[in-house]
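The following pair of complexes shares a single chain, subunit A, combined with subunit B in the former and subunit C in the latter.
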Partner chain A sequence: MTSTTSIIQSILSGVIEGTDYALYCLGLAFVFGIMRIINLAHGELLVLGGYIAYWLLVKWGVNPVLAIPIAAGAAGGMALLSYRVFLQRIRTGSELNTLILTFGLGIFLANLFLQLWTADIRTIGVDWMEQPLMLFGIYISLGEITAITISLVVVLGLHFFLTRSKMGMAIRVTAIDRDSAALAGINVERADLVAFSIGGVLAGVGGPLLGMLAHISPGAGVAITVKAFVLTVLAGVGSIPGLIVAGIILGVGEAMTVTFTNASYRELFGFVLFLLILLVRPQGLFGRRL
Partner chain B sequence: MTIRTVITLSVAFAVCLCLATAWAGPPIRLGAQAPQTGSLAKHGLEQIKGIRLAAEEFQKKYNTPVDLRVYDDESDGQKAVAAVEKLAGVDKVQGIVGGYGSHLVGPASEAAERYDTPYMITGAVDTKLSAKKYKNFFRLNFMPGYAAAQSGAMKDILGAKKVGILYNSVSATAEIAEYVKAQLTSAGIQVPVFEKFEKGTTNFKPILLKLKDAGCDVLLVEGYFPDYVGTIKDAKILKLPVKAYVGAWGIGTPEFTRELGPMSEYVYGTSVWEMGTAPKESKEEEAAFVADYKAKFNEEPSYIAMLGYLSGKFMLEAIHKGGGESGAYDPEKTRSVLRALDTMSPIGRVAFDEKGDPKYFVAVLFQTQKRNQVVIYPKDRSTGAVVYPAVPWGGK
Partner chain C sequence: MAHFRKLLVSEATAASVVLGIVLIIPFMLSFNPYYVSIFISALILGAVSIAWNLLAGVCGQVSFGHAAFFGIGAYASAILVTKGGLDPYISMLGGGLCGVLGSLVIGLPAFRLRGPYFALAILGFAEVAKLVTMNLTWLTEGSRGIMNIPPLPAIHLGFLTLDFYISRTTNYYMAAVLMLAIYLTVYFIRRSNAGLAMSAVHGDEETAAGIGVHVVKTKALALAVSAFCTAIMGAFYAHYVRFLSPDTAFEGSWSVMPIVASLFGGMHTLIGPVAGALVITGLDEFVFKRLFETGHKLFFGLLLAVVIVWAPTGLLGNRVRKTFHGEK
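Our next item is the complex of A and B:
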């Protein structure tokens, strides 16, 4: 018999998982929404951020939360480099080109991680962040509170960047009509470069949190990319705040599936929801073009 | 330099070359297939290190060169088949070792059988793998030995009343979970929670809460490294009120204690071998292996490295005794040597039954205490006393 406390605790765990999902998929959703590029190396950029934070902690004792800007910078730098060296040259061709290229980039990065950090599974452990707090019989760790806060701040920050800043608006205009944007004096190549790099930065922000709440390994990126893609479609292309809501729906739905049925149906719930949304509302829950 | 000197030196060089070749003999071609990339890479890389060490030692001992060919199966079943096909069909190796994960080894062992090449695996424990009785199939460890250690310790050492079992959906962990559940139930121990979870699960709290509601004494997780990390972290946040946390394999590796630090304290795991658990007849071999491994790779060997080492050693010696370096290789001779094998090793007595399964394999169950693995079961191999009840997060 499931107790009421356990149900509430389970829902909370779904909310936490959902906000993590939103953060993990933000970069992919952003790049897909703006540039129509499905960045299959997104998961690996996120894992790169995780490794950076891991090593800063192990080598110099840097708190992983403080390491987030460095991790984000490294992943953003990798994204920038990838765009300048490879993607920029082949973007004008078929959309399939970018898909294949980012897939290859993902494989390259996974193998690079393997060489640099071996195949060992790493986890970022900071004792004070793992300590649970109890409120009315419900437990939550400081690390989880930190992760939720960072997710919300980053999602809202991106939303405001796109709607309030000059560069954000330039990126959106470029996404809507590239030729008109160029005629209006917007440097569309620069807008693309900045957008793809921001996608990398957003992935890099998620990496340290992934290492703290779960684990990182060279091959961990693939599952993240798949989950991020599912969530992007679920939320609807172009809806950044919608990612949080969609993430929470997915996270809580999965948790409730486990609580009331069996853990083996958890993934099934996600994919049934994905298919239902595609059938009933193909543009996603909050979908609209930017 | 005169012409005569040049001719004399050339002849001397040619004679030396011929003598060196005759002295070394033709190489033994040994194939190794293991995940070097992908989700199982960690284990596969350790295996290969052990195999390389075995090849080096064999070369020194028998003065016979070993041509070791290593292929990465990328933690993928199809790639595992391709690797075995290439080793057996193209490289014409005389025996194959390695293989990790029952879902990879299953199809790969079929390929080895098709190419009639002896195949000794070390990291695939599903009992169904040997059901087809392939003549080339040999393995050093398998599932019933692990299940017996877990259920035996829970009954005889921990005195558990209610056990919650969570298991990864892959075939090996699903099978061991079923085995242990049956053994516990027949011993009068309740299993009120028996839940399968998918690979990649990161939120374990909803499942762990079921154990809390059911009042379980012991949490048993049949899974892999990421599953242990996830369950331990979530159990800590929930302050899960259990008396013991038991895992299957891969939980007591040096990496595990390094990564989890204090969170690895008091957890139980099964293993083929931990440092210091070799039977007295093999203590010397164990010490030599540990010293050589540390010297070569600058790290502590795990039980997977030990299995890799032993598989390489047994296969190379079987090829050698079967006339492998004479140029007239006959796989049946290698198989015959392996079938007749009955020897002590750091993992215990090694001999194979008619299906290629290990006749005498028994895993040990250990508890991590101050970052060391203290074997607590079976009692005759124990290296220390159990600390119970105790879990890293406090528990009951």
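Our next item is the complex of A and C:
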């Protein structure tokens, strides 16, 4: 029953989904690349952004696209607070401690969502996003076009922030050599704080999009965190353009799994891909040798 | 400093005290079935925590997905009994071996790399194991779950009959015996050459490799033993609650709570995780659940963060002397 059109349609929806994946993962990949910290609360920060957009829409009818900056601010603020209160104190300790710490923060947030907003699955639904458009004989919804546009804007914005702004360059120099950066007069503590908070902001941007294109629930964060790490490894640590390619590979692979096997095995594709990458090419597609 | 030294006890003394408390808990609860069942969960958690801590506290590899091994052990044992007609005591061993198989699938690729790869891989593995269980309906009944799993057969000891069908207390002491067996296994591994190799890997992987320790094999061994013990407890759980669904057997708590229990109790000791498990189960039941009915686990997230930043040695960490190779 898999005709050529349905294969093309599933490839295309995979490409679209893959671009969104890249955005969902950007925060984690950025923090890992710059600070060598895996933020296991990344998914929960993203879900926090989603909930904020959801409640802004339900209570006051705020357009989800306009809610993105507020969601990003909230998630960024939460990341800043976590860094200031907890992470900063054990930053120099072992890597495992930061993993356990952020894991704990993720559990805290997920259960906070559960307590505040129940286990119900929420979808951010707006009529205009469902509008289908015909592009080159393939259907694509307005919501998907919006999501792709936002993804690209955010990736470019991050790129220009890192290469053009003073703070961005300070963050990069700190990542390359902390001691030399400090000697050159860069406030490395502040660079770390800003970098980690930016990770939170990037997660917060993804939340409303996740709610628009799929759905959010208190427990949705873990799957996002795992997926984000899989993409970071697939792309190669530190490669942000690689993330988009990796996201598209994952998106198309998942769409193909749904088309050719069973829809419930969709999540399996990413994991098998991850194990294969670890075995065959641990430095990722675009990374340097480990 | 003299009075500080008095506070220090050996691992064996601390273990005797904790296990003594475990022994008398049912009497303190006057055998109330509801409270005894809460502490059965605490003992299952305690045993899983000892196993988790062999990997984390001794070998330095943190697992965020022990629920995978717990669920695999539970399902394997339940299926071997209901579909294969095996005796539950034998099927429990089968469940343990299935846990070891699962550990090899995930450990061998992930341990080749240093850093956070293993921690993240196993986080994903737990999700995938649950997903596969949910979809292999011909074997696992899918999300409907397996019902009417037979309890452990009664044991006849002369005039005494230990019945697992009705008596909570028997199940409690069975859990205690299994926990003790796991404790002793970990205790003796810790003192063997393999345990010493694990400590070396924990300390510094490059140095360990330099003195001839096979790092990947050592980590895989620690994971395999840990997975075996965890899966055995999962199998016990299956025959104790007698109903399994993917959501209960692979429930995220089985990954989270051993971490909280071990950190809270003290990762540098072997018995600390049990003390942690008893205390946090009590706290959860009598304090947290009354404060926040649905989101009570948020306290455990906070507890993890607070302990790791301000009290990394845990409850027993400063009280129990570190045991070294060959020490009495």
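The rule is simple: the second predicted complex is superposed on the first by the 269 of 290 C-alpha atoms of A that agree within 3 Å, B and C clash if a C-alpha of one lies under 4 Å from a C-alpha of the other, contacts with A are read in each partner's own complex, and residues count from 1 in each chain.
In the analysis below, contacts are C-beta pairs under 8 Å (C-beta built on N, C-alpha and C of every residue); 3 or more make two chains touch, one makes a residue touch a chain.
Bear in mind that the values here come from a model prediction, so they are computed numbers and not experimental data.
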{"item": "Side-by-side fit of subunit B and subunit C on subunit A, or clash", "value": "clash"}
{"item": "Contacts of A:G125 with subunit B and subunit C, given as first, second, both or neither", "value": "first"}
{"item": "Contacts of A:N97 with subunit B and subunit C, given as first, second, both or neither", "value": "second"}
{"item": "Contacts of A:N63 with subunit B and subunit C, given as first, second, both or neither", "value": "neither"}
{"item": "First (subunit B), second (subunit C), both or neither touched by A:L213", "value": "first"}
{"item": "Partner chain in contact with A:S264 - subunit B first, subunit C second, else both or neither", "value": "both"}
{"item": "Touched partner set for A:N111, first subunit B, second subunit C, both or neither", "value": "both"}
{"item": "Superposed model, subunit C segment overlapping subunit B, candidates 1-9, 37-45, 271-279 or 307-315", "value": "37-45"}
{"item": "Shared subunit A surface residues [contacts with subunit B and with subunit C]", "value": "110-111, 114, 118-119, 219, 223, 262, 264, 267"}
{"item": "Contact footprint of subunit A on subunit C as seen in their complex", "value": "56, 60, 62, 64, 106, 109-110, 112-113, 115-117, 119-121, 123-125, 127-128, 131-132, 134-135, 252, 256, 259, 263, 292, 294-298, 300-305, 308-309, 312"}
{"item": "Subunit A residues touching subunit B - in the complex, by the definition given at the top", "value": "1-3, 6, 9-10, 13-14, 16-17, 20, 110-111, 114, 118-123, 125, 127, 130, 132, 139-141, 144, 213-215, 217-219, 223, 251, 254-256, 258-259, 262-264, 266-267"}
{"item": "Footprint of subunit C on subunit A - complex, ascending", "value": "38, 40, 86, 89-90, 95-97, 99-101, 103-116, 118-119, 219, 222-223, 225-226, 229-230, 233, 262, 264-265, 267-268, 270-271, 274-275, 278-279, 282, 290"}
{"item": "For the subunit B and subunit A complex, residues of the former touching the latter", "value": "36-39, 41-42, 44-45, 75, 166, 169, 195-198, 200-203, 205-207, 209-210, 212-213, 225-226, 229-230, 233-234, 236-239, 255, 259-263"}
